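Consider the two complexes below, in which chain A is the common component and chain B and chain C are the respective partners.
Then we have the complex of A and B:
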């Protein structure tokens, strides 16, 4: 398992992307699967930065990557207020040009991009787990079920 | 690193986009879209052939562009790679803008 700890600012997103890139390379994911994992992780990290922590604070976000053959499990931990990204609205936000609400896309993209997204609150920590597998794999890892 | 360059040809504005468009770079994209909106074009082309990544913060720029341009202005996403185009489609934005997978001459 590898770990990354970064300040909760948008300037950290490039570092997060590099971290995810190393994990997907080690797991042998396809380019499209790598993109899906980056997008899911990026959206969840961005959500904590933008909405979880107060602006201008010194908080951090931790990422732990566990790599298997054709599979990456990424655990994101933060100390923001309790927030379960799997329990928010599942529908795509309205994009009617007459009634566009700017926002709401991030969590939708995260859920649609990950093969599995789960959440638990342990003590004062949010723990969000993202799993992405090679989409051309015939078998599903038993522990993912 | 994200870059966006605006060019004007008649009443068509083209924004050449390259790099990675996430929450850190989205404010730059929004600024250039503001500039485009003040020119009142008939068509806004977002040339994405060199854009390798887009997150929801970038998609919100597309929403912004659609809102700021009049109903008679066509907003076109052109040349986006498959993953970028898929991301835009996942948000449902393809109903409000035109997505062209490849460049036209």
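Then we have the complex of A and C:
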């Protein structure tokens, strides 16, 4: 298992992407699978950065990657307020062309990208698990979950 | 307008700033060449939506051209491919317009 600990800031997103890229390479995932893992992780980390912690705090996000043959399990831990991404809106927000509401896609994309997404709250920590398996399926080709 | 690289929460403000600058010139039609974008998350989609909204307020349109398969898939699953006009390639008339400056 490899671990990355970064400040919960936008500047950390590139470091997170590199970390995910190394796990993907070690697991031998395809390009499509790699994109799904990158997108799911990016959306969940972005959500913590944007909504999880008070602005200006010195908080952190931890990522733990466990690589198996053709599979990556990524555990994201943070100390933000309790938030279960698996219990949020499941439907893709509709966009009214006359009154385009911006936002609301991130968690849906995360859920649709991961082969499995689970959550638990342990003490004061959010623990979100993303699993992506090698399948070479299109980025997101299954029903919203 | 051509966009390249990765669009996420970190880079999206630069794209937003480019749109703001571009829209100051008052174009009615903007076509974004996304062939060079190798990663785009929901933040990027929100920037595109925001720009489209501003253009529509003045009767204009924002179109997306040549997105890579992964980005096109995001447009599809979010339903944004029905909000934007999506071209498989950059429209020829735009290439001519661009070469003419």
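As a convention for this text, the second predicted complex is superposed on the first by the 135 of 145 C-alpha atoms of A that agree within 3 Å, B and C clash if a C-alpha of one lies under 4 Å from a C-alpha of the other, contacts with A are read in each partner's own complex, and residues count from 1 in each chain.
The rule we apply is simple: a residue touches a chain if its C-beta (ideal position, glycine included) is under 8 Å from a C-beta of that chain, and two chains touch if they have at least 3 such contacts.
The structure displayed is predicted, hence computed values, not measured ones.
Chain B and chain C, once both complexes are superposed via chain A, clash. Legend: residue contacts after superposition of the two complexes on their common chain; A:63 is shown touching neither chain B nor chain C. In the superposition on chain A, no contact is made by A:6 with either chain B or chain C. By the document's definition of touching, neither partner reaches A:44: not chain B, not chain C. The contact surfaces that chain B and chain C form on chain A in the two complexes overlap at residues 10-11, 13-14, 17, 32, 35, 38-39, 42-43, 46, 49-50, 92, 94-95, 97, 100, 102-103, 105-106, 108-109, 112. Here chain A touches chain C in the complex through residues 10-11, 13-14, 17, 32, 35, 38-39, 42-43, 46, 49-50, 92, 94-95, 97, 100, 102-103, 105-106, 108-109, 112, 138-141, going by the rule given at the top. Against chain A, in their complex, chain B makes its touches with residues 20, 22-24, 53, 55-57, 59-60, 63-64, 66-67, 71, 82-83, 87, 90-93, 95-96. Residues 6, 8-10, 39, 41-43, 45-46, 49-50, 52-53, 56, 69-70, 73-74, 77-80, 83 of chain C are the ones touching chain A in the complex. Residues of chain A that touch chain B in their complex: 10-11, 13-14, 17, 31-32, 35, 38-39, 42-43, 46, 49-50, 92-97, 100, 102-103, 105-106, 108-109, 112-113.
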